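Note that chain A is present in both complexes that follow, paired respectively with chain B and with chain C.
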Partner chain A sequence: MRRLINRRPGRGGAFGLGLLPFILVISAYLYYSHQRLEANPGDKLLPAPASIGAAIHRYALEEDERTGDYLLWTDTRASLERLGMGLAISAAIGLGLGLAIGVVPYLRASAAPFVAAVSLVPPLAVLPILFIAVGLGELAKVTLIVVGVAPVIVRDLAMRTAELPTEQIIKAQTLGASTWQLVLRVVLPQSWPRLIDALRLSLGSAWLFLIAAEAIASTEGLGFRIFLVRRYLAMDVILPYVAWITLLALAMDRLLRLVRAKAFAWAEPGV
Partner chain B sequence: MIRSIRRMARAATTGAALLALLLAGAPPALAAEKTSFNMAWTIYVGWMPWGYAEQSGILAKWAARYGIKIKLTQVNDYVESINQYTAGTFDACLMTNMDMLTIPSAGGVDSTALIVGDFSNGNDGIVLKGKGKTLKDIRGQKVNLVELSVSHYMLARALGTVGLRERDLKIVNTSDADIVAAFAASASTAAVAWKPQLSAILKNPDAQLVYDSSKIPGEILDLMVVNTATLKANPKLGKALVGAWYEIMALMAKNDAAAKAATASMAKASGTDPAGYAGQLATTHLFATPAEDYAFVNGDALVNTMDLVRKFSFEHGILGQGAASVDAVGIQFPSGRTLGDPRNVKMRFDGSFAKMAMDGAL
Partner chain C sequence: MTQVTVKHMWKEYGGHVVLENVNLHVGDHEFVTIVGASGCGKTTFLRMLLGIEAPSRGEFLIDGRPLPGEPGPDRGIVFQRYSLFPHLTVLQNLLLGLELKDAPLTGRLFGAARRRALDKARTLLAAIGLEAAANKHPAQLSGGMQQRLSIAQSVIREPKILLLDEPFGALDPGITADMHELIIKLWNAHKMTIFMVTHDLKESFALGTRLLVFDKVRIDPQAPEAFGATITYNIPLKGQRSAS
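What follows is the complex of A and B.
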């Protein structure tokens, strides 16, 4: 039927339509940048593509004079290490505690309300406690990510576990499964793809906490650099860094999706 | 598929062109005579009088005398207030001399320091853990400070006095909001901070103040900065701001009941008590009269200070994108002297409004 909801773009059309908003945003940027630079050639707010290119060259392809590092890569490595560690620990906690809460009613009764409450505490508001407890080093940054991300994953996995059909649980028991076997053979296999989903959804907040942590006290990292150069409004550095962070986050999201599709093909929708 | 991409690309280009055409109607912001102005301020001991100026109606009174309106906006984040000023949101803003040089002036926004409000005379300090430590002990330590700020500048100055260089220690960029908690952490051993954070850090029983800004008086300046083009087109703005400022300075200097009430109100607004605020004021050298301010901006010491500041800024790469030399940004003084490129003067100190206040011509 010729209704709007039934009309679909072709492959190429969809690609072009997807590109359109990007082109519009970039054109608007170029226009405003030109406008501002015409009024003030030293304007730092919306630098010209050439100065952004120069900044990228300076940060990615030239050694820093003071430290001898290639700043963009040092920053990227530091940030990805923190993020990876934070997410891995959060995933481990999420899986362990989430399954336990989902499966064992006694644990659910005692731990679920607490986890729910903790997951609602804004981690950035309790920073001083965090500093005194774990110091200011790498541990503090990873901890901040874990405190921010793990409770959400725990809750998500606990809820998903509780949603498993009762029939499966009863059937496994009639076949003689112990609690431990039930967890290993029925619940755990079904939790992996859900854990990946939960991680994908947490990526945004994990980056947020990473950048917040790096802004507070650090010597390298993507968030550190952005907050450092913000002190003199170096948008020519900040904009490429923001684009780079977006790209990294997108790549991580795609990677997790790919892992889920390859390793847990049975859980893909529409199979 | 290729064809449809091409079609889409063409549509997108047309769309962008249309958008550009639409936007072209908006004229660029030009300085013109106007009657209402926006000014940003942040909480800091030497800037609390501005908050009081608004609250007490003194600012509104002076604005009304010149037939203008001045809207004061308190911004929570100091650097953001300067960024917003640089972007053009505010006509006037409060900042230090170094931040003025490296943010608006290096960003091509011609700015005038209308009032030199005060200089830090012990408000900024370097603290080490361990009673009896001296500045030399900082060697090899990790130092928490706001990188590229006046703290960093003062540290560089301090290191020079004991023959150390920045590479002899490790700087950890730490936000000013978290520096007190950061110093309390057992792993940290050194910090550079300003008040009120410095006062809180010094309450730590293990903290030893090893250097403070009273050793470099007149170098860390707190300025009232106005966009030069706006000020030229609207001298009324300058007159109203300067008039209101020195009225409050005179009020505070009197030491009577009215002065006490004013400082008590400033103390409250900055989140401390009158005793705490008095402690901060004691290490802040306020220019109490326009005559002092006028003498200061016409003196040689200011030129030497700005020369140190611009050299520090250039060496740390914060004097603007690809600044070719330390002379990239011109700095002009009322005495007629300039530092740097005289054809690219973006930072100006002004004495003419202080002179008017001195002569009672406001």
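What follows is the complex of A and C.
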């Protein structure tokens, strides 16, 4: 008998094993949903698959009576716009400031402690300030994402930049690189894959801040919708929305990973 | 013409004396090989030549001027590892030095300037036998190929001084003969002064025009850090200068 750590599933086996928890959770849901609805057909907590399907149809494929919109899609577009904007701004700040802090000792001395402090401010505690300062519009939501995500990316990139082998930095100088050329030709190109990693790790918190902001002040958006229908205990809407958000997050994560692998193959482990 | 002069030079870290009373004169187009026990300050000596360490006392002059306080294109370096740029291909790694030289703003060359630089890089690439790998990334190369590239990369800007810190220490013994041939070829072609640290005594005799042995002359068993190493032997050698 080989040790447990040396026994590996085959390809098909691994796929099946990966599927297993999903099947278990769905089966458990179906079982308890059936039980509850049997006892009380009006139960709203665990809606039957049919009512979930009807809700999806209503939100994704039918126009809303009041607004004439296909709600799922307008919500998705609104949320993704905010998220994309927040992440793009965070990435730009993270890259610019992170590299500067990582490369220039004077900037590191003056900015690093500040960034470290800012990154510890709980973003949700800042939300009221944002609402007061910039109003309840889009700006507040995007800013919340930036406040929550950018400091983390800045610190991560500053750290990764400082981790570049000194040999490389010295070598570049012996090839005549100025500080600017060093950043342009040596540091920046090596930072892109690291930025993608940092973004992937920030996706979770970005969604968190987005949904928090939408829940409090919004008229559309995935987070707004969930908190709106909560008032009517509409689990048949909330559950597919949560699944949809998860799917979007997963797709973004995979997309970033793919871009990294394709565009920065040199940075893939084991090449 | 390159002259390196060291007079009564000491290097200490806090109370730790690493080098003491080092005196040396090295003329143009010399191949200086340096040997000595591990930890005796050979790398520290190269780091001073590089400009990233300063002597604590005494003089350390290149062409009569004190060491510059930072690395520059007149002094190339080949480390044992990690000095290639992983995001650039083999050809781009070579090209970089030329691009940095002539494109201060963009760090990139275009048009005719780029073609000229490419020609030069390709010539060097052929000299190190890596044409077939031109478009590979460093991680795809063997250790020996990486070191060839690293040497060529350091030579392309034609430094006056080339520093090598145990450049072949991590390579298979089988390929060092090739590497020796390459370094001698480049040294004779570009006429620079080479300082090479090695732990292979045979190599140091075979390649050098001058062998330096770093060692401690005074030892206090109670305080091993009280005394530093110095140059205990400075031996002129025949070397492999080409006839031309």
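Throughout what follows, the second predicted complex is superposed on the first by the 270 of 271 C-alpha atoms of A that agree within 3 Å, B and C clash if a C-alpha of one lies under 4 Å from a C-alpha of the other, contacts with A are read in each partner's own complex, and residues count from 1 in each chain.
The definition used in the following text is that contacts are C-beta pairs under 8 Å (C-beta built on N, C-alpha and C of every residue); 3 or more make two chains touch, one makes a residue touch a chain.
Because the structure is a prediction, the values reported are computed rather than measured.
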Chain B versus chain C as contact partner of A:Ala267, first or second or both or neither: second
Which of chain B and chain C A:Arg185 touches, first, second, both or neither: second
Touching partner for A:Asn6 - first (chain B), second (chain C), both, neither: neither
Touched partner set for A:Arg231, first chain B, second chain C, both or neither: first
Those residues of chain A which chain B touches in one complex and chain C touches in the other: none
Contact footprint of chain A on chain B as seen in their complex: 1-5, 7-9, 11-13, 15-16, 19-20, 23, 28-30, 79, 82-83, 86-87, 99, 102-103, 106-109, 144, 146-149, 167, 170-175, 178, 180-182, 184-188, 318, 320-322, 346
For the chain C and chain A complex, residues of the former touching the latter: 50, 52, 70-73, 75-77, 79, 81-88, 96-97, 99-101, 104-108, 137, 139-140, 153-154, 156-157, 159
Chain A - residues contacting chain B, complex: 10-13, 15-17, 19-20, 23-24, 27-28, 31-32, 35-36, 38-45, 47, 51, 54-55, 66, 127-128, 131-132, 135-137, 215-219, 224, 227-228, 230-234, 236
Residues of chain A that touch chain C when the two form their complex: 165, 167-168, 170-178, 180-181, 184-186, 189-190, 264-267, 271
